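Have a look at the structure below, then the notes.
Labels run A, B and C following the written order; every chain starts at residue 1.
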Amino acid sequence: MVGPPERRLLEPWQDPKAQPYLRIERVTKKYGDVYAVDDVSLAIFQGEFFSLLGSSGCGKTTLLRMLAGLEQPSAGRIYIDGADVTDIPPYRRPVNMMFQSYALFPHMSVERNVEFGLRQERLPRAERSERVAEMLDLLKIAELRKRRPHQISGGQRQRVALARALVKHPKLLLLDEPLGALDKKLRENTQFELVNLQERLGITFVTVTHDQEEAMTMSTRIAVMDAGQIVQVDTPTGIYEYPNSRLVAEFIGSINLFDGKVVDRVGDEVLIEGAIGRPMRMRCLQPLALGTPVAVGVRPEKLRPCERYTDDGVNQVRGTVEDIAYLGDVSIYHVRIADGPMVEMTLANIQPRTEQALTWGQEVAMEWSPTSGVVLTD
Amino acid sequence: MKRNPWTLYTVLAFGYAFLYVPVLLLIIYSFNESRLVTVWGGFSTKWYGELLQNRQLLDAAWLSVRIAAVNATFAVLLGTLAANALVRHGRFRGRTGFSLLLTAPLVMPDVIIGLSLLLLFVTLQQVIGWPDGRGFTTITIAHITFSMAYVAVVVNTRLGQMDRSLEEAAMDLGARPLTVYLQITLPLIAPALVSGWLLAFTLSLDDLVIASFVSGPGSTTLPMVVYSSVRMGVSPQINALATLIVLFVTLAVIIAGLAMRGRREG
Amino acid sequence: MASSRIQQRPPEASGRPSRAARLSHWLNVGVPYFWLLVFFLLPFVIVLQISLAEPMLGQPPYTALWEWAGDAMVQVRLNLANYLLVLEDDLYLAAFLNSLWIALVCTLLCLLIGYPMAYAIATAPERWRMPLLMLIVLPFWTSFLIRVYAWIGILKPNGLLNNYLMALGLIDEPLVILHTQLAIYIGIVYSYLPFMILPLYANLARMDHTLLEAAADLGCRPAQAFLRVTLPLSMPGIIAGSMLVFIPAVGEFVIPDLLGGPQSLMVGRMLWTEFFNNKDWPLASALAIVLLLLLVIPFVAMQRWQQRIEGQRT
């Protein structure tokens, strides 16, 4: 695996002395013989916006529900702020959840919904109404106070659900597909609003999503899950630029994978020969024995047309443009390599499309730099 | 959706006519002057007057109403518990047997239920001395046994449609299980509880066969009086009684409908 | 992560439910279960037992199945005569067959009338569905006995139907309908029709209309689409409705008694007569047991279908 470059920000997960705020230790959840969550360990720090990302059925929601206490782990422990909460029922956990369906109580007004959690704490009425009013103002839904959930829009319901969970000042806010029920435009606006809210309140957020874009925009870190296990935990940049496996590489965005074998090592670069017929040279800090089968992963936007395609050139491929998908800001080119795979290249449309040089059936040579890809071993 | 072919609506019209014409005739002839129920002899309300004088019938009606009310209350309790068990307790041991036992009373012929319960009561009295004779208690127990199955069906449907995450959300917000049940689940299934109660009440008020088996001397229910009077032949008093029942039920349905609409819009 | 896969999984928690959960389980499952066991299942055991006893004069009017014969001996006397009688006597056999036949005919009639009605309601404009459905349920809330009684006034020789037909000049002689099998059919179909319509409606209303559009799009004529798409998909509703009509109809008492007259041959009436008029409790019990055994098959079939529907829904 290629080591990431030094980070600019001070990040708690980089600091060996930092104490995690939420610690998940070898948690497993079994339904019959099926492992929904299989031996997962995670450390999440205070103030993080952490995302569990994966396709449906990967166990992310089950993990979230175990954090809320709605499911009991079959094995493993969960610590929040140093305290073991594994056996604590949901109603005594300092954790609140925003449900995917929002789960607003249909027989209560917006105000009563938000107040519900505070009533359970038996807080005095004055404090309750003060906190409710404050939260309704913060989320700009004060005028909906007296309405019932079915009388407000989807976006407004989402805010009520958020207010209802946040008003309890939880140590941890869990969000199950927080934006899943909103339409695309609203979703984009809400993403930024959620992040702002989280930074302002300083509450640690753990969210579950299947939408990689959503996870990339909002999260401090992302855990990619598959088949009940965590495959990679990293920052959005880390996940995208330095995936640690084919699975993550292909799950997040698109990537071109060129199979090959390690044939030589020069300093921190390795030489790989394989499918595309000519050598590839990649930066790789991981110690790899000669002959190791690997795949070189290059994102479509990291490819660029090359001027000089030579017989001994490294990191070059050539093929014929078969398809062009025009997306406005960029175009995606599907290039068929002679007896090889289809390669995807993305180019920004700097000039109007009509003036672009590349067209169907045209032969094109492409190259990438040794630092703009990854070497994957599995 | 495409419009319905007229044949369908014709069938519908005939179907409703089939269901309602007999009841309408019953009502019309309750205002018949003549004792011969089927010959019109002029308008009169005298049968209502006689009905209200009929001591035996009124006593039976009062007994039936009391049994029906007690029955409905217990049936709602037990039926709701049973529905909770089916929906909320998933796969417990003996679940298949439980749901079999719970559905069987829905279709079991009345004569079988009546006979078997009578034999149970007789045997129990022999063995443990309870119940002491038959009457109010035995009829009520018998009615609860089959009414609870109906209530369970109604509540089960409602519980099944309910979004489970509402209860989870309440728990997540700090409500203990009992609080969740009382503040979230019960209000949300309340309409089912009300209709379950009314259904159980009606079923009990309507039952002739089972009550005939398990009743004792001195505990004659309304259907038993109606039955023996009907066996004697048609009687205009029964028409009057039928009219009152239809009137009562229709009013109840209209009020319930208005109340539901009010709730939905409020 | 990859490394942790090699390690042994940590031991699993015992998963013992909390006290509150146990209490809730005990209350929700235990209480109704206990009630049903005592007041629904146990009675059948007793019926079985008494069906093997002999009738006698007394209170209760049957012999005990076992008695102490001294010297630590229990004498058990099982009397199979009741069953032999039920199975050998033509009258009882005829009553059983006739009950099944009547129930079958009535189920088919209910289906024939109920299916188009349910279909019409399910495809009616949205705002009409609830009122239409209410009108189906409404008679169910008024007294069953009285609704059966209404038909006596209509069907009897000098009843409303005959008066009306004669006034129109369509017939000269009153039709004899009351106290015939036809009257029983009418009574049962009339009383049980809502039981057929409701499950059918529930099933048809849930059906995805785009399926029919897809069938039409693929070249199916409306009639074909109905036969190949709607009808097979409404099978669960048909089964449920049919069982709700068939099973109780077999043991019906009130309708054959009031409309079918003294000659009507149905098990429910036989049982009633043996019990109330002849005071032969063991024979009545034997009839009940045989009837019960007959009904077990359709009942189990109904349960199977119900579970299948539940399975589909989840």
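Just so it is clear, a residue touches a chain if its C-beta (ideal position, glycine included) is under 8 Å from a C-beta of that chain, and two chains touch if they have at least 3 such contacts.
This is a predicted model, so every value here is computed, not measured.
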Busiest interface, counted in C-beta pairs: B-C
From chain B, the most remote chain by mean C-alpha position: A
Where chain B and chain C are represented by their mean Cα positions, the distance between them in whole Å: 16
Between chain C and chain A, distance of the C-alpha-averaged centres to the nearest whole Å: 56
Residues of chain B touching at least two other chains: 176-177
Interface hub residues of chain A, defined as touching at least two other chains: 89
Contact footprint of chain A on chain B as seen in their complex: 163, 165-166, 168-177, 179, 184, 187-188
Chain C partner contacts - residues on chain B that touch it in the complex: 1, 4, 7-9, 11-12, 15-16, 18-20, 22-23, 25-26, 29, 37-39, 78-79, 81-82, 84-85, 88-89, 92, 94, 98-112, 115-117, 119-120, 122-123, 126, 141-142, 144-145, 148, 152, 176-178, 198, 202, 205-206, 208-209, 212-213, 223, 226-227, 230-231, 234, 238, 241-242, 245-246, 249-250, 252-253, 257
Interface residues, chain A side, partner chain B - complex: 68-70, 89-93, 95-97, 99-101, 103-107, 116-117, 120-121, 164-165, 168
List of chain C residues in touch with chain B within their complex: 20-21, 24-25, 27-29, 31-33, 35-37, 39-44, 46-47, 50, 60, 113-114, 116-117, 119-121, 123-124, 132, 134-136, 138-147, 149-154, 156, 158-160, 163, 190, 193-194, 209, 243-244, 247-248, 250-254, 258, 267-268, 271-272, 275-276, 281, 284-285, 288, 291-292, 295, 299, 302-303, 306
